[in-house]
Amino acid sequence: MENIDLGTNIGSLALKNPVMTASGTFGYGLEFADFVDLSRIGGIIVKGTTLEPRQGNAYPRMAETAQGMLNCVGLQNKGVDYFCEHIYPEVRKIDTAVLVNVSGNSPETYAECARRIAELEDIPAIELNISCPNVKQGGMAFGVTCEGAASVVKAVRAAYPKTLIVKLSPNVTSIADIARAVEAEGADAVSLINTLMGMAIDAEKRRPILSIGTGGLSGPAVKPVALRMVWQVYDAVKIPIVGLGGIMNATDAVEFMLAGATAVEIGTANFIDPAVTVKVVEGIADYLQRHGMTSVRELIGAAHLDR
Amino acid sequence: MDKMKKYILDLVVRHITQPRPGYVLLQLTDPERPLPAMLPGQFVEVRVDGSPTTFLRRPISINFVDREANELWLLVHAVGDGTRALAQLQEGAVVNIVAPLGNGFTLPTTTSERYLLVGGGVGTAPLLYMGQELLSRGCRPVFLLGARSAQDLLQLELFRAIGDVYVTTEDGSEGERGFVTQHSLWADVDATQQWRICTCGPKPMMVAVSRLAREKGLPCEASLENLMACGLGACLCCVEDTTEGHVCVCKEGPVFNVEKLKW
Amino acid sequence: MENIDLGTNIGSLALKNPVMTASGTFGYGLEFADFVDLSRIGGIIVKGTTLEPRQGNAYPRMAETAQGMLNCVGLQNKGVDYFCEHIYPEVRKIDTAVLVNVSGNSPETYAECARRIAELEDIPAIELNISCPNVKQGGMAFGVTCEGAASVVKAVRAAYPKTLIVKLSPNVTSIADIARAVEAEGADAVSLINTLMGMAIDAEKRRPILSIGTGGLSGPAVKPVALRMVWQVYDAVKIPIVGLGGIMNATDAVEFMLAGATAVEIGTANFIDPAVTVKVVEGIADYLQRHGMTSVRELIGAAHLDR
Amino acid sequence: MDKMKKYILDLVVRHITQPRPGYVLLQLTDPERPLPAMLPGQFVEVRVDGSPTTFLRRPISINFVDREANELWLLVHAVGDGTRALAQLQEGAVVNIVAPLGNGFTLPTTTSERYLLVGGGVGTAPLLYMGQELLSRGCRPVFLLGARSAQDLLQLELFRAIGDVYVTTEDGSEGERGFVTQHSLWADVDATQQWRICTCGPKPMMVAVSRLAREKGLPCEASLENLMACGLGACLCCVEDTTEGHVCVCKEGPVFNVEKLKW
């Protein structure tokens, strides 16, 4: 299928194909090297990184739900300096775009973390996480108001010159408004959706299952909500959209692109099939060939009648 | 040890038997090629097909590896929808697994080391493979197996073929009455004879065993069974709070030297 | 199990048990009389009724999703007068609480519809639908802002003296704020969640599956979100909560009550098992007996450590 | 007719056969009691177990009811995950159905009425039961069955045992080449002999048939297959836009006099 062009662009970031891995679901990529040829993945977004090390939340952090799962990891990571010193030298060797998901608890900490990652020449972009539902301070708090989102993006934009993707929270009344706000502050792209805030209760123990009570819902269960939001944001902003939320196969990925996504992220599916990413890449190529298309970019927003 | 190459394998159910009501032994084989290297204490992630209420894979410890028969044994306790679906597999069915995962028990460097393998309930499963590996290394293991009552004891004859077996049951229906930590055997277990303890089972039991080992100054490894999703150290869901902070049981474990645990 | 008390109260409305049927999923109850003894159900909430007749949206109105379904029916109904004349005489004969789900496109139309239903002596309560995601005018528009919600509840409260339950939209940043707003206007209870706004796309046709593009997601897929919202609203208001969202069995129902619900509604599950309602009633009684409880009311909010 | 009592039944798969690749015939029986009254044109809602991607029941038309054998026949076209799961059922498996649902075709009041039953693809399924009922009422039916090619024709021998069968295939591999509406048989079908048309199949075919019937002034009933959820008239998802507005195909239909449809 050499006649099929899978390349897609997020701002100035050129991806060999539209399939990336979602932060926190693919480790640093290296954990999956036994299962997939990492160089065949469009991009790897490594786990949420903060300025200071974080222990994350207490166990239990996970609950299985109907076609989905809840997690409340809470951004456990060893901090940006550890990443720069110990992880970066390894991941930079991976022959694909490696992005870092950046989180913080104030515009300043977000910006400082981004500034340090900007110095890493082989990290062409960051994904700004203003939507983590599992940390008290910061995280989702910024992502659920236009002002909060704008304040973080403004600070990071001033500190980070490369491609800036802002990951949006679905736990809002109008995700289109949030998307417009971050676009106005100079974000190069938005990615959506982060997890839906949910909860699981153990009926026998009569207590919440997760250590902090609530957690973030991911998996096929949330796909209809994610598709709807990508659809709405596509009509609201001009910057590219990275779509995610319950993608399990190539058909799901195609649906997100038809709704308006320029690229997609595969998250929870990596837990069920560690080799799913490359299968999705191949499946998208098959779809394009079957439909007589030559470029994956023809799919972007194609389900919108008015465009 | 987690540097061992991992595989996604489609194995075939050669035999499925019910050692006890509620438990099934899956004897899986790879018709194509030899099974990969797997260490005692490691586990596999089993994909559960055809169960609408089951979304994630199920982590299951390696019960035994029969190299001659090219068989991987999984002892499954059918407690939820996922494990019940596995218990209903037919011979010839294909089971998709990711293996091997995690680290494993520390194996002996000299034949003079003596291993006491203490298990409870279905937690005895990985001790069978561990015992076999010890025997093949010239260390005949001693098993101390606990259960609620006689009909909850699993694979006893197999354990007896590998080493000395001591039993406790809560109702006294077999072996000594009480918990494994109360067995008279412990009187002869001390540091002078290089005893090492490996334990797997309900957390309260493992905590009690590790305390006993600490009192006696014996090295002790415990195999944890935290709730997990990916099994690969990616999702950070199965963490245990250790002296080194939160670490993934699926990757740094499931076997831990109890000195690292905050027990 | 005569020693088990399943009775529960929503304001002044006494229910024989906490299991009601969700509007639009159980018709007028009569459609299910072949499968269940309707008198054993705690309450039946009949389908959304408006002042004027409505044709609803065009076909297709439904899409199956992972452990859920999307619908965009759009409040098809023959109007409140038709209900009063032709349906009420039939449903009043059902030996259980029969409630009417009321919708509109302005505070006035909501209020007038409620006023006419207030005259029906055997309808002890209404459920105010300020959260239908499938009608352009009205519906969810009112439910996603505190002001909008308050305006409708205020108008209806003035026109309707009996038990007033307000059905809340989950498509908001803070459902707790909306709940407080309707409580302040005199609502006797809140019910949540209505459907999550979602979408399905046909990858082969490259078009949305539903006639109006988006629809409301229901079924087990949304249960974690619904439980979380009931949990949050329980901490925010003093009025009773009716919990719904993906309840398929008694365990699910118990979980909602433990999260803070005084009663529950069963919706989509009626499509998979038309006899599910009575099974849930029996299952709750079994649970209570197994746990040595004598009243279902002991479950309400019991998963909250702080109460 | 939707006043007929409905039941939730656990039926047992007595036979499952493959009349054509991609199609299965499920012969279900109730081991306990006689099957309830069911009319030709009515359908059932089948619960699909063990298919994680299938949430709702699947509406399937009644292919045949064998009173002697106490069997309900369902002809399933395995097109999606749900129907594929049904196609993999084993003999002896239990299938949960809700039945009977919907109205049904109008049955004759006199033996002088003549019925032309026009079906396409798997849409021919309900016409078999309808034909049988007509025959038992003294009206030998005429079948006009269309398919893409010979190997897409289903249950031909069964139709021939009940009435006269005429066939069209798009590739001419059996019967006349073309669409059902192009068959020479239509030349002899007119209002003078009290012909009634019943049709079921792809919508374009049914629309064409209904137009032809209208031209000839013949009463025509069509069985619709709108996407549905509950099958009971509760969810209002399967509506068809008729002269009386949006009505539920599952309750007011699936059979409609085409004069009521906006075709």
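We call the chains A, B, C and D, going by the order they appear; numbering starts again at 1 in every chain.
Just so it is clear, a contact is a pair of C-beta atoms (placed from the backbone, for glycine too) under 8 Å apart; a residue touches a chain by one contact, two chains touch by 3 or more.
Model, not experiment: these values are computed from the prediction.
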Worksheet item: What whole-Å value do you get for the distance between subunit B and subunit C if each is reduced to the mean of its CA atoms?
Response: 48
Worksheet item: Which whole number of Å gives the spacing of the CA centres of subunit A and subunit B?
Response: 36
Worksheet, complete the sentence: Distance between the CA centroids of subunit A and subunit C (whole Å) is 34
Item to complete: Could you tell me the distance, in whole angstrom, between the mean C-alpha positions of subunit B and subunit D?
Response: 56
Worksheet entry | Touching two or more other chains - residue numbers and ranges from subunit D | 52, 54-55
Response to the item:
subunit C residues touching 2+ other chains are 65-68, 219-220
Worksheet item: When you draw the chains as points and link the ones that touch, which shape shows up: line, ring, star, complete, or other?
Response: ring
Discussion item. Show me, using the given definition of touch, all chain pairs that touch one another.
Written reply: A-B, A-C, B-D, C-D
Worksheet item: Considering the complex alone, what residue numbers of subunit D touch subunit C?
Response: 5-8, 47, 52-57, 98, 226-241, 245-246, 251
Worksheet item: Across the complex, what residues on subunit D touch subunit B?
Response: 50-52, 54-55
Item to complete: Quick one: which bits of subunit A touch subunit C in the complex? Just the residue numbers, please.
Response: 63, 65-68, 70, 144-145, 171-173, 196-201, 203, 206-208, 213-214, 217, 219-225, 227-228, 231, 246, 251, 254-255, 258-259, 287, 302-303, 305
Worksheet item: If you look only at subunit C, which of its residues touch subunit D in the complex?
Response: 24-27, 31-32, 34-35, 47, 55-56, 58-62, 64-69, 71, 73, 76, 219-220, 270-275
